[in-house]
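Chain nomenclature is as follows: A, B, C, D and E, assigned in order of appearance, with residue numbering initiated at 1 for each chain independently.
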Amino acid sequence: MRQRPLPPEVRRQRFLMTVANHSMAIVLAVVFVTPFIFILATAVMTRQQALTGSFWPHPFVWGNFIKVFHFVPFARYAWNTVVYSVLATVGTVVSSIPVAYALSRMSWRGRQVAFLLVLATLALPSQVTIVPLYIIFVRIHWIGTLKPLILPTFFGDAFTIFLLRQFFMTIPEELSEAARVDGASEFQILTRVIVPLAKPAIMAVALFQFLYSWNDFFGPLVFANTHTWTLAVGLAEFSQVIHRSVLWNIQMAASVLFMLPIIILFFMAQRAFMEGVTLTGIKG
Amino acid sequence: MARIALEGVTKVFGHEVIAVNDVSIEIGDGEFMVLVGPSGCGKSTILRLLSGLDEVTDGEIWIGDKQVTDLPAKERDLAMIFQNYAIYPHMTVAQNIGFGLKLRRTKKTTIQERVLEVAQMLGLQEMLDRKPATLSGGQRQRVAIGRAIVRDPVAFLMDEPLSNLDAKLRVQMRAELARIHARLSRTTVYVTHDQVEAMTLGDRVAVLKDGVLQQLASPQEVFRQPANLFVAAFIGSPPMNLVEAKVGDGDISFADYRLPLPSGTDLSEYRNRSVILGIRPSDLEDADVWTGENRPVIEANVEIVEDLGTEMNVIFSINAPPVVTEQTQAAEEDASTETGIPLIASEGTNTFTARVDPRCRARSGSRVRLSVDPDRFHFFDPETSTAVLSKHPAGLAS
Amino acid sequence: MARIALEGVTKVFGHEVIAVNDVSIEIGDGEFMVLVGPSGCGKSTILRLLSGLDEVTDGEIWIGDKQVTDLPAKERDLAMIFQNYAIYPHMTVAQNIGFGLKLRRTKKTTIQERVLEVAQMLGLQEMLDRKPATLSGGQRQRVAIGRAIVRDPVAFLMDEPLSNLDAKLRVQMRAELARIHARLSRTTVYVTHDQVEAMTLGDRVAVLKDGVLQQLASPQEVFRQPANLFVAAFIGSPPMNLVEAKVGDGDISFADYRLPLPSGTDLSEYRNRSVILGIRPSDLEDADVWTGENRPVIEANVEIVEDLGTEMNVIFSINAPPVVTEQTQAAEEDASTETGIPLIASEGTNTFTARVDPRCRARSGSRVRLSVDPDRFHFFDPETSTAVLSKHPAGLAS
Amino acid sequence: GNQTNTPKNVTKSGPHTPVTLTVWDYFTERELKNLADVIHQFNKQYPWIHVDLVPGKSLSDYVRGITSGQPIDVAIDVGPDNVAKYCATGAFQDLGPFIKSSGLDMASIFPPAALKYTSYKGTQCSLPLLTDAYGLYYNKDMFAAAHINGPPKTLSEFTADAKKLTQFNPDGSIKVAGFVPLAGFYENANLYNGLPWGTTWYSSDGKAAFASDPMWAQMMEWSKSQLALFHGYDNLTRFFSKIGGANSEWSSAQAFEKGEVAMAFDGEWRTAFIRDDKAKINYGTAPFPTADNQTQLYGSGQVGGTVIGIPRTATHPNEAWALVKFLTTNTKAVETLAELLNNVPTTYGSLKDAKLSNDPHFKTFLSIFRNPNSRFYPLTTAGTAAADALAAFVDNWQAGSVPDLQQGLKKLTDQVNQQLQLGG
Amino acid sequence: MRSKRRGRNTLRLVVLLFMAPWIIGFLGFILYPMLSSLYFSFTKFNLLQTPQWVGFFNYRFMFAHDPNFWLAVRNTLWIIVFGIPIQIMFAIVAAVVLTRVRSGSGGYRTLFFLPTMVPTVAAALGFLFLLDPSGPIDTILRLVHLPQPLWFESAHWSKPSLVGLGLWGVGDTMIIFLAALLDVPKQLYEAADIEGAGWWQKFRYITLPMISPVIFFSVIIGVIEGFQYFTEAFVVSGGDLSLGAPQGSLLFYTTWLYQQGFQYTNMGYASALAWLLFVVVMVCTVILIKTSNRWVFYQGGFR
């Protein structure tokens, strides 16, 4: 179909608008991406280059990534991080699903109160509980292990419960009722109807928990020790050490190695991430 | 297959909301019972009480010879069809239909057979492997029906199953439901607030208001002999014209009109008092088109004419206040939120509607002569709002 | 106040979807024009083109004496009412109504005055400070109307403004819109796919299909002289009964019936060929009830009877294939997703509906005798689907 | 509670069941290797004692490790800050019985300062393992150019020299600083622990003396007057940032090494850095000058370093003692470690180490360590809290955010007293 | 009315079963620790010895004798008062830009969001390098003859630098805003278009009110997280040994809490700090929620 020619002033105005929008976007993109470029570039520089604020590596010192393993027990920290993240994710998801279900899809007295408590714990600074928990874990000799970090995740996480509940609420009540009339028990409704339908939300909360554990700093800082440090604490402490010798290149290489799995995960599950983040926003 | 009975069933939500108030209904084996009433009158609640999704506050529920009042939903062996279909979006059509059987640990092959059988009956065999998202509204409703049928339950409960469909499809599916019922003749309780569905599908109709049963009768009876003002105002579209009239000596007068009393009705009790007179719009006819019969005629100034092609609504004001009782309001508002919207024209004056032959020449602003049939008058007590029964029922006299 | 004109307007979405195809409509000053047609026929698109929300691909739009084709929406000074009201949920009723004035930097006191005035006209004065969430559907629609009225725009555009309301309210609001139009007599373009609205509200009706204008005429003419098979099948509920019939010598035959040709129609062109015969359900009457007139009678086996109280639908099969053309399908499906659902009964046979007097004694399975009025027959060319015009229009002959 | 079993000397001869000692230390990288080398020497004497080195422990790790009951046989802690806490609470075992059973005479082995900062209220719960000593680094070429003969001995001389040595750019910014008095500059925090002023941290009743000892105020005033030499705090800060900020301390961009600063307060390890960085400066080292009314202190300096102890959670305290004794008192071992780590050795015997004492730059620090007036700041059970508070105060004072000095010192006193109560 | 019966009891059992993880977790990991930390806050407790009751000593010390407490409070409030609004505004701008770019918005969105994925510690280390006086940013500034601030080493610039670090990772907030923006019914804009609104008027009168719940949500989360600000400050200050550097400008509330609790092992005082934090966070949250209905538009009521 032939397009009616637009009046030139309308066309020009539109063109300018598009240019303006894209310029804004590009400026922002540069702001967001530049740090990555510097970090990546520095990770493959020589020490001297990194120290003198060079912009481009010459030569490329890929060996920095190997060197990281000499300076820090990177492999051990990475393993600790993976153990913590995976177990915490499993624990959180498995324990939070039934709680979210009970809070959203079953009616019982006290439900509202319980939900308010869950919400309140969202605002509870972890510092309030960490001292006594620390003392408990001291008593049972768990300090220096990852157990104090992993065990609590098997008892439900407020944020996860909240998100799942919000999502479960959006699943029409009729579906559970249809299943109930069809002869399903509560457990069957949960596993056969709700969980399959909530897959995207479950994926999202799993990713969140994984990310949270991967990034967690305060927890391992307090509970773990040099053997059981995760990458987050390991690298932060490592940075103090190499600060003395100002090995920016090694430090950036370590940071790159640290963030890489997460970035890869992000690209693999970008949709779930975005949807999950959105989920946190809805219904405030 | 079984009869279903509610005995003095009451349901209170929280401490205040009496959703269902001492309702007793007995539904015969194989009967198609329609529950109808304005929004919030407790129709869905009754269905949910029957299904076991909610628990009665008081009263008893019987299915067949069993008292099931305390039985959880999964043990009642009923099937329910929901307004928004409630089919499982993550399952294929076949899985949806077979879900109930699977929960009962039926053999795989049996499930397959039954599902196929039902699908053929509903014309779904082509789409057994599709997910609901790819189905149209009508097809989804069919899946929901299939899911109900497949289990061969003792009864079907349907909660406004057609209200999410568009008008044309609704008419089609309505006919189809009638056919399915004819074929399976399973006890069915059907909730709607669409009168046409109520009138066309039900063996009997239960009209509810505020959780109280108003009338339980055949559709024809409900239409022709409404038990009270509420039923009269609720059933029929356009709604019955109502006016407060003075009963005289063998005649009755309202506004500027004086009309003879119908032969069979004894209104002696109301002589020189008021009674509420109801005339269905379809019982008013353009006297110029229907010249054949010798009926009383009233004249009116036409306000609006709505020409619907096959018939015509002639709307006119009469010089009398509108009948506003709690019952007529309940019937008009339909949604509890719609309180007190003063319509421009209806403030203070009473509007009548006549549904006449499209050949009627009336136009907005012109005058029209309308013939009325006193034999089809309805009378209601202004205090109690209940119908004043004529000796031989109006409408049956043709 | 102004006339509105579309001249050869075409709208193409992307490269493929021709939503509006070379449509020319001229709407007179103060006229109430209704656009009607099945879903997806381009009604909303036309409205959006008029309002300036979308841009035409080809053609011109005039408002008053001004060519506005390239003017942005905010400069066209029109008011639009959307199907879902599109009132600002975060503003109070008063703010909603006054928003357009505020944008024009009208004085605060003037805004207040105007808002109050409009609110009184619409019965909203009690709820000026409430947020839309606390309003009922009808009240929301009123707010949307108020927002449109307050600015005193040159014309109103309304896109299915009543379709989100429930049945009772829809009837009320329909009357109210008619009154408002009568009072303001502002040019109005009204989109609907509800025939009743189209028939009752429009000064003229434009029937659209697939973006192409099918007929542009008064509601009566559209109903009584449908320009083609599509209009015939689309307008009227239940829809017109259609059957392919053989034209004989002064008579016409289909299935087992042979009926006389109407006097005024010249079908000589079609002698010994087929023609499509259309009979509206309301033009079939129970011969036993209407004994008075001397019309031809057909006999049929009743399949289903739907008693609606004021009338009765008698559905029966006739021994002839259904008329399935692209046009009838378009009219029937209405929603493009509803393709090819085989209804249990309608496979291969043609079903007729007769809308008869409720005194009809027909019951499912019984036989019925129906009188027909050949003067009201409609004929369509089987190839072109266009109407074969009778010399004096059917239906006007009373 | 305290372990009360009587110590038993571990003999080198005879049959022994193999024992593994868990040793926590703060070392990393090269230094860790050096420690391992020395422990290898130990293993030659005690072949059945296997030492498991757990490196990279921070100050706070030890408390956590001990409170959580981890089996730590030997703890090598980075500084003396927590020693008071360890001794007072029994977190580290009292070494007295071990020392007695081994027949060691502490006073003849360790200089007094070292014994002081490894014990608390008479309980020797740790022993020193190498130390740092702080003194004055000065650029001889610049001194010559400014016609200054030798390192200053009093602060007024120092101030005069600093003034002479400072050069400004035409725009008023500093080109070369005679001295950078900022509290945040490199090691200056240790300077402002107040030794050159002979400050008293705590009066005899154990209460903080920041307000009551006038030397503190004098120190503060002095530091403020120094700022004036350089046209103020901001000018100096800008200079500091221009020369690379705090991070430059550990690189070849270090201001003294690059000749951007003529005099600096620094530790003994700087000599090794200068050597390793091949910095092209002609410099000398000397004790830091003292306040004019405290000349008797000249020659002393702040000292303090690694401490080693046996936590109460030790599973093999006797073997642990053998290791501690070896590391802290074996002259050869101490010498080796000191040479490798470029730190000051901690026993009289090792202080005579030829290699270290032949280095003229390093010699200064050996003598500072030996000086009876040298000291670490007084230990309390509050750990670093008091020193942290003081450092923050000096920083604020210099930045001009303390309006009234006496008032400020009173507040500081109060804060420290309370903090002592909190941690006591 | 009828008596309770069988169905109810099995349902209760199921509820209890489903809720069990959370109930145990709540009792064991939240309620008990909270109560015992309340107790500890009235004791002197260094882990090495048993707690010793000191009454209100910790609280008195906090308010009357601990300048670092007030410093930490000031720094923390600074981050909350300046950092959060700036972050939210930036997130809204970025989200609006995304909605306005038609082609390639997916790509931009990924780029804007990517930094959010970077672990906090890695991001902080990265910025530590970027903003080092000899790092790339100052190098560029030097090249273009602009002043080169000391960023994390200057008491004036350290907190703004942290805000910059926060802005870099604003992607998740941005995505929430993006979703909210896209969630505003298009018809509202069209209605406004027809009524004659320009783009700013549409933004001001429609967009902002419509996304106000999300703004509110971000503010609440921001405040709660702001009070617990820790990791970034810990890393850029240079870790354990130099908490709060430079010149205490990065001494945040939780930094001080950490230092008191886990470095000085003053567990009693740390507990007192934690409890005050808890009370303040709760009070702020409640105040925010209470005042929110003045400016937040809730579509369907709050929860």
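One rule holds in what follows: a contact is a pair of C-beta atoms (placed from the backbone, for glycine too) under 8 Å apart; a residue touches a chain by one contact, two chains touch by 3 or more.
These numbers were taken from a predicted model, which means no experiment stands behind them.
K.L.:
Give me the set of chains touching chain A intersected with the set touching chain C.
P.N.:
Chains touching both chain A and chain C: B, E.
K.L.:
Quick one: which pair of chains has the most contacts?
P.N.:
Chain pair with the maximum contact count: A-E.
K.L.:
Which chain has its C-alpha centroid farthest away from the centroid of chain C?
P.N.:
D
K.L.:
With chain centres taken as the means of their Cα atoms, state the distance from chain B to chain E in Å.
P.N.:
56
K.L.:
Using mean CA coordinates as chain centres, what's the chain C-chain D distance in Å?
P.N.:
Distance between chain centres, rounded to whole Å: 94 Å.
K.L.:
Centre to centre, by mean C-alpha position, how many angstrom separate chain D and chain E?
P.N.:
Chain D and chain E have C-alpha centres separated by 39 Å.
K.L.:
Tell me, which residues of chain A touch at least two other chains?
P.N.:
Where chain A meets two or more other chains at a single residue, that happens at 51, 138, 237, 243.
K.L.:
Counting only residues that touch at least two other chains, what does the list for chain E look like?
P.N.:
47, 132, 134, 240-241, 262
K.L.:
Using the touch rule from the top, collect the residues of chain A that touch chain D in their complex.
P.N.:
51, 71, 137-138, 141-144, 225-227, 237, 241, 243-246
K.L.:
Hey, which residues of chain E end up touching chain C in the complex?
P.N.:
Contacts found on chain E: 185, 187-188, 190-198, 201, 205-206, 209-210, 212, 297, 299-300.
K.L.:
Applying the document's contact rule, which stretches of chain D touch chain A when the two form their complex?
P.N.:
Listed in rising order, the residues of chain D that touch chain A are 28-29, 54-58, 61, 64-65, 67-70, 247, 250-251, 253.
K.L.:
Mind listing the chain E positions that touch chain D in their complex?
P.N.:
44, 46-49, 57-58, 61, 65-68, 132-134, 148, 150, 153-155, 240-241, 244-248, 260, 262-266, 268-269
K.L.:
Which residues of chain A touch chain E in the complex?
P.N.:
18, 21-22, 24-25, 28-29, 31-33, 35-36, 38-39, 42, 50-53, 55, 95-96, 98-99, 101-103, 106, 108, 114, 117-118, 120-136, 138, 152, 154-156, 161, 186-187, 190, 211, 214-215, 217-218, 221-222, 231-233, 235-237, 239-240, 243, 248, 251-252, 255-256, 258-259, 262-263, 265-266, 270, 273-274, 277-278, 280-284
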